[in-house]
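The structure's right below; bear with me while I get my questions together.
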Amino acid sequence: MSMNMNMKFEPKIMAFVCQWCTYTGADLAGTSRMQYSPYVKIIKLPCTGRIDVQFIVKAFEEGADGVIVSGCHPGDCHYTSGNYYARRRFEMFHELMSFVGVDMRRIQFAWVSAAEGRKWAELVNEVSKRVEELGPFNVFHALREQANELNP
Amino acid sequence: MKSYNSSIVTKQGLKQLIENILAHKYRLLAPKKSGEQLSFETILRAEEVVLNQLLRTMTTLSPKEVFFPRTEPVLRYTGQEMHDVEPPTPETVLFGIRPCDARGLELLDKVFTWDYNDKFYLKRREATTIVTFACSDQASVDEHCFCLGVGGDPTASSGSDLLLSTNGDDAFLLEVITEKGERLLNSCKEGVELQASDKRAADQLEAIKDRFVRKQDLTEVRHKMPEYFDSDQLVQETYRCLGCGICAMSCPTCHCFDIVDEPKAGTLGEGARVKNWDACSFALFTKHAGGHNPRELQCQRCRQRYFHKLAYYPQKFSEESLCVGCGRCSRSCPVGLDIYQAVTHVLGKGRA
Amino acid sequence: MARIGVFICWCGENISRTVDVVKVAEAMAGVPGVVTSVEYKYMCSDPGQKIMKESIKNDALDGVVVALCSPLMHEKTFRTAAEEAGLNPFLLEVANIREHCSWVHENKEEATKKAIAITRSTVERVRYNLQLKNITVPITARAMVVGGGIAGIQAALDIANGGHEVVLVERTPSIGGHMAGLSETFPTLDCSQCILTPRMVEVARHPKIKLYSYAEVESVSGFVGNFEVKIRKKARSVDTSSCTGCGICQEKCPQKNIASEFEEGLGKRKAIYVPFPQAVPNKPVIDRKHCLYFTKGKCKICEKVCGPKAIRYEQEDEIVEERIGAIVLATGYETLPATFFPEYGGGRYPDVITGLQFERLASASGPTSGELKRPSDGRRPETVVFLSCAGSRDLAKGISYCSKICCMYVAKHAMLYQHKVHGGKAYVFYMDVRASGKNYDEFVRRAIEQDKAIYVRGRVARVYEKEIEGVKKLVVKGADTLLGEQVEIVADMVVLASAVKPSVGAAALAQKVGTPYDQHHFYSEAHPKLRPVESNTAGIFLAGAAQAPKDIPESVADASAAASKVQILFSRKEMERDPYVSMVNSDRCFGCFSCEAVCPYRAISRKEIKNRSGEVLKVVAEVNAGLCQGCGGCIAICRAKACDLAGYTDQQIFSAIRGFNTTSTYEEEVVKK
Amino acid sequence: MNSIHEVREEARKLLEEKRVGMVIGYGKGKGKKNYPIFITDPQKVEELHFESDCFYNLAVYLRKPEVCSHGKLAIVVKGCDARSVRGLFSENQLKSEEVVMLELKCDAKGIGRDKCTTCRVKNPLTPEEKNPIDGEIAKILAMPMEERFRFFAEEFKRCIRCYACRQICPHCFCKTCIVEKSEPQWISSTPSPLGNWSWNFTRAFHLIGRCVECGECARACPVGIRLDILNRYLAKSVEEKYQFIAGMDEKAAPPLTTYKQNDNQDFIR
Amino acid sequence: MCTNNIYYPYQMKLTEIRDETHDIRTFKLEHVDPKLKESFTFLAGQFGLYSILGEGEATFCIASAPTKQGYIECSFKKVGKVTTALRSLEVGDLVGFRGPYGNAFPIEQMLRKNILFVGGGIGLAPLRSLIDNVLDRRAEFKAVTILYGARSTADIIYREQLAAWEARSDVRFEKTVDQLRPQDEGKWSGHVGLIPHILSKMSVSAENSVAVVCGPPIMIKFTIAELNRLGFNDSSIITTLENRMKCGFGKCGRCNIGGTYVCKDGPVFSASDLKGLPDSDF
């Protein structure tokens, strides 16, 4: 990542959330005027079951330094079981990602219900702080830079 | 071509030559061991060139990548604006390719200059001086090599600018083939002891020929194409092909490519139009957008590759076949397919 | 190139205080394909909407992004407005820059940057929005009610009286359910059969109700408005159309010692029998397990005595098919059998009985004609101990929940006992008395105060038999937790208010229907507060104790509510719903059916792709848009990316991801200004 | 079946009685080389051959249209092939009545890339032991995160997108691969460091709970990418987490298409 | 602007959009560079590569006649990424163009002959260029017959053009649809049936005639067979091949069949050429 050294590092963190629980929970954080870090941006999906791990890979490809994936707590899925399948998928994704050396502190899975505006705000702050401390995802960005170098 | 100008150089002298090449800021590419493989890589220190190794083992991928990279931008864009691209062309010395590879480049030249000149290929060609190693070592030829069967010669100089061959245990014969070769040699020969000689690599040809187990002539298939095209034997020979692209991608003369637009990750509206290696063995290669595929079956795709090498290219471009007999495709094929074996079997059956 | 309009709302100061909306508008104007980008004080106001509507027309927009509050607030408003202006409403997306941005950040520069990113991402997404249309599904206005207890009866009658045909499926030979077996009902003590029987008769003669008794649901396919149901009519061995219900067969049947299910095992029945005199239909059925002809090959007395020749030994199960638009599941409950409680001697001592058995003993139509007698020796019980919470709220028994009805019926039992056995002593062991309901607490008080039931707070540890003066008595050992002492009561009878659980087969039925159930196999409602009688599967409704323990008035209310939901559904010929459904590209699909495995709605079916000569080339997945609820689980599991979700396509998400992370130098300059 | 002789006999019978249209097995080439052969003529069953370097996973041929057009098939299977065939059954790619498995115990010692040294299904029907953490996996796990990342990034960088790993894998049966999908293009088809990373990562992910650890992808890879380590590690994880071994039970649901309510969620906040 | 990069397209401006059917669209394109607009020439039968930056290139023939100068037209069906992106363009947008590539219809060999044009579906596009070219030089040819077929009336392209040809007294014009949809009952004045079948009933003479056939591969195959039956020899049947192409100038190898590169040696072939080619269905 070509970054001016005296510029503050503003991590790019993408959140993939389900529309029934976490999206609404984030709305609640808003209506409750909870203040949190501005680095996390949300993409709304119907359900965590819709979240393809490809989304997360793509987010990193496009320059994200961290990713949050969040949805309804187990048992609360609007579609009854989407988050259960997602949980397994994420567990294996977690395994594979960490095996190939992606620091999993950059990726946070969470259950945030529509009532948990507080939890959402805390989650965002926690992940933002952690990614800020980790710095830009340079090893991954390097792949991108190398790929772009092929297009001189 | 210039008349022969041969000299004998010691191993030490050759090392010095390599050091001089590096010192003169040439980009030096030579076979280098990475993992279990030998591949052409940029050499930064002379000792990275392990002569024994490159004499004995052939690189997995051919040197075509130096001129025709696996991916290469042909234009860039920013929004609606287009920008031309020039291939990076540092003065380059490609060291240690084989005569079959060198010959392959000459065959490729015909494709990339046919009516339309592909500047990306040509500019790289112009900027590169080729130092070839003849297959004169005891172990240079293995059971996959069959250049003799496709009009090649393990000591040939065509396509090379300088030709090296072994001369006893600790010395090499260095032949200047072209002016370009001569220029390189002249600019890098300080401290290199060159002892004029009247020998040629080709003198060793007869001895080397004996090392070949594959000697049958494949070129006749070209004339019998219609006869063999629907040969059951050919289908049988290629039935186990799984449709990967190893053969095409390791081949020194396979040149099929795809053109795609590659958006630059992390930007909106920026990117490049790139030329990527492709292979006729891929199922989607000829598949129409509408779903129709003129080469629906894998054996048809295999046949395309064999025939393109041995029949179509000679028919179109020259009397030479596009296969140079380096044996890379059969060395790397994961299911043991072998163009030489397949074609000789078919020829055998055809005769019978 | 796309023609996208971006409309940014100040929301008074709500957004503009921390987000520089003018800069956002300026930044968006620089995004390729954005032809207009404006901000306005209140976008949702009439003049605000008018700005958007006019721009849609004048700038010939083919995509709109409104950047304002949460889509949950105003997405609908703006989509409707867009539609009024002639744009497909699904070409409009909301960028949430209030709840997710201006309200949660203080630093204006950062908030502005984030608002730009959110809006930019939404612009990138909207490029690939498709013109969608709400899906319309035709509706077969015909309901099926499964279960002929009071809930099922009520639901069937309500729907039928609303003018729609109803198919009522009952597993046993007669409708009526548990209520038909109850003695009197709390808190009014009116006779259960007296209030139920007229309803049963009404079902029998209702022209809109088709009753399948002694039948079970075999399979359900299709989706809301369009179910295809197969019903297994079990072989009755009696031709119900010619049987007159005279009862002579039952009278003459030599097999007479079969425990009657209706009498909870306390009475006997024949091998050909009508479960109880008021049964609907009042036609007998042969119990093939006990019939002499079926077990031994000879007898056939019933056939001989049957006047109208209605006996059919050769009859087989029959599968009938019904087209149904909505299904009400009212499969009711059962209670844990006495044998479930070895610590209380259940199963070992005949005088340890369940509440339902007590109902039969107390019923005027019961095996003792309403006289209270001990099952063991027929003596009048002088002392009876009632144990509430037998199994309920007992994690050791695997049941965490309260069975809800026991407190009330235990009080009723104690009361009935006192009325029937004057001078008898009724002890009630309880944990809490839960009597919330109209006149409920008063009822319990009456049992304690007027009828002198002795309430002991505590659990019973053990019940064992002891012979006292030649009579086998039951010794009940427990603790009185209020007094803090051990108590030991010598009783003649122990009645267990055993826990309520769903009927056997409830889970199997739920699987056939494709609707979820909880760990106890009670059916799951779509929402515990707001959609209590709907299941998560469209067109499947719940009534009565199949969903949770309930008493009669609740079950009836439930049933009427479910019936009302059914009628709302039937009030239209077609049903309209969101177009967010999955779609399969059958070229890419290669039929691994992972999607089928993860689909919670059984919306994936298998389709054969054939060539011209009819050979099957491959089998691929197909989405039934009527069943699909748009969760997108199938898409995430699909490796070939053969399916996609309208409204949330891969292409849209992909573009949104790109849109977030990519800032241009132009934008940076705008922000810095 | 115990010996190649019995297999030949069975193959002959199957072909003669027209119960199968083709037998897929190993034939002997020149020298010591073996390669897949396809027999339709009962007279030719003697060409069937089996010895310790018959390392191909023949199950991959069951999806080739040329092969499928012969109707019912018989296939010589070692442990890994048999697992693949059962995996294909479980994913509806084949019907068990369409394939006859001719099982042979395998004593392959491993050809290149030590593909057979970690094998635990030499006997087609029973896994011998729990999947051990082999040396290669242990080596990776011992690396700090960034080093791991660099290791794999360097491995993937060499990829030339010949797709041999995909073509030789019996479980990569998609007719059009995700990398060939262009709207949107999830994975760049360009052999660049970034596209290569995504491609190899995604392929490994797609094989989770399905890979039978035959190691063919790593053997086929012309540039020597250690795909086997990746897949073996994931197979081990799947076994530990879900007690699932791919291709052992054709009735068992692949682990990502099912769930338990009490699945682990330690990693979820 | 770049001269030596053969991959570098010209910029053309989209000046008109016409929807032929629900999924076939025609673009009219003009060179942005005024000099090029003036000097650009091509021959009937040639093709080009049309591109959008960031999406890629797609190959279609030039559908307008070379005698119409200052612009080119092309027609395309929405089948993939590039064509989908092309469909999203509006008048005034830029399109990349490389070409013209390939050989051309041998119009000089057709002079003073009877000419039979047979077009199927979107295959009328390359034919249209030639037909207009011929009609613009009408006096140099003998009888001109046009047979056009589409799957249904909804799939007919170039309706105005067809009407104009039909109206001419010096052209015999026949049209057919494979199937008549119920709503067309009574409104369709043409034939109903597959092209080869209609052709068999048209009593065309092979004498001093050339047939030019364009359409989907299966239609070409059966039409050639029918023409042979009518007495046309293979060398007097001309058609175009639509193999997949990428580069357009004989490098990328995709369109190679036999010793031929369709993009350079074609796309126009005589039936006798075709029959000598391997991997072709003819």
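Chains here go by letter, A, B, C, D and E, matching the order in which they are written, and residues are numbered from 1 within each.
Keep this in mind: a residue touches a chain if its C-beta (ideal position, glycine included) is under 8 Å from a C-beta of that chain, and two chains touch if they have at least 3 such contacts.
Quantities reported herein were computed from a predicted structural model and do not represent experimental measurements.
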Completion exercise
Shared touch partners for subunit B + subunit E come out as C, D
Fill in the blank from the handout: Min route length, chain touch network, subunit C to subunit E, equals 1
Exercise for the section: If we define chain centres by averaging CA atoms, which chain lands farthest from subunit B? Would you check? Expected result: C
Fill in the blank from the handout: When B-D and A-D are ranked by contacting C-beta pairs, first place goes to A-D
Completion exercise
Distance between the CA centroids of subunit A and subunit B (whole Å) is 46
Practice task
Mind checking the centre-to-centre distance between subunit C and subunit D? Centres are C-alpha means, answer in whole Å.
Solution key: 44
Fill in the blank from the handout: Taking each chain's centre as the mean of its CA atoms, subunit B sits from subunit C at a distance in Å of 70
Completion exercise
Each of the following residues of subunit D touches two or more other chains, namely 176, 178, 183, 186, 188, 190, 192, 194, 256-258
Exercise for the section: Mark out which residues of subunit C touch at least two other chains, giving numbers and ranges. Expected result: 587, 598, 637, 650, 654, 658, 661-662
Completion exercise
Residue numbers in subunit B touching two or more further chains are 71, 79, 85, 258, 260, 262-263, 265-266, 269, 271, 274
Practice task
Go ahead and list every pair of chains that touch.
Solution key: A-B, A-C, A-D, B-C, B-D, B-E, C-D, C-E, D-E
Problem - Of all residues in subunit E, those that touch subunit B in their complex - result: 2, 4-9, 11, 51, 53-57, 79-80, 83, 94, 96, 217, 242-244, 246-247, 249-254, 256-261, 264, 278-281
Problem - Contacting residues of subunit B [partner subunit C, same complex] - result: 79, 263, 266-269, 291
Handout entry: Touch list for subunit C against partner subunit B, complex
Key = 31-32, 124, 587, 658-659, 661-662, 664
Exercise for the section: Going by the contact rule at the top, pick out the subunit A residues touching subunit C in the complex. Expected result: 12, 14, 24, 26-27, 29-31, 33-36, 38, 41-47, 49-53, 55, 58-59, 62-64, 78-82, 85-86, 89, 121
Practice task
In the complex, go through subunit D and note every residue touching subunit C.
Solution key: 91-93, 173-178, 181, 183-184, 186, 206, 253-254, 256-258
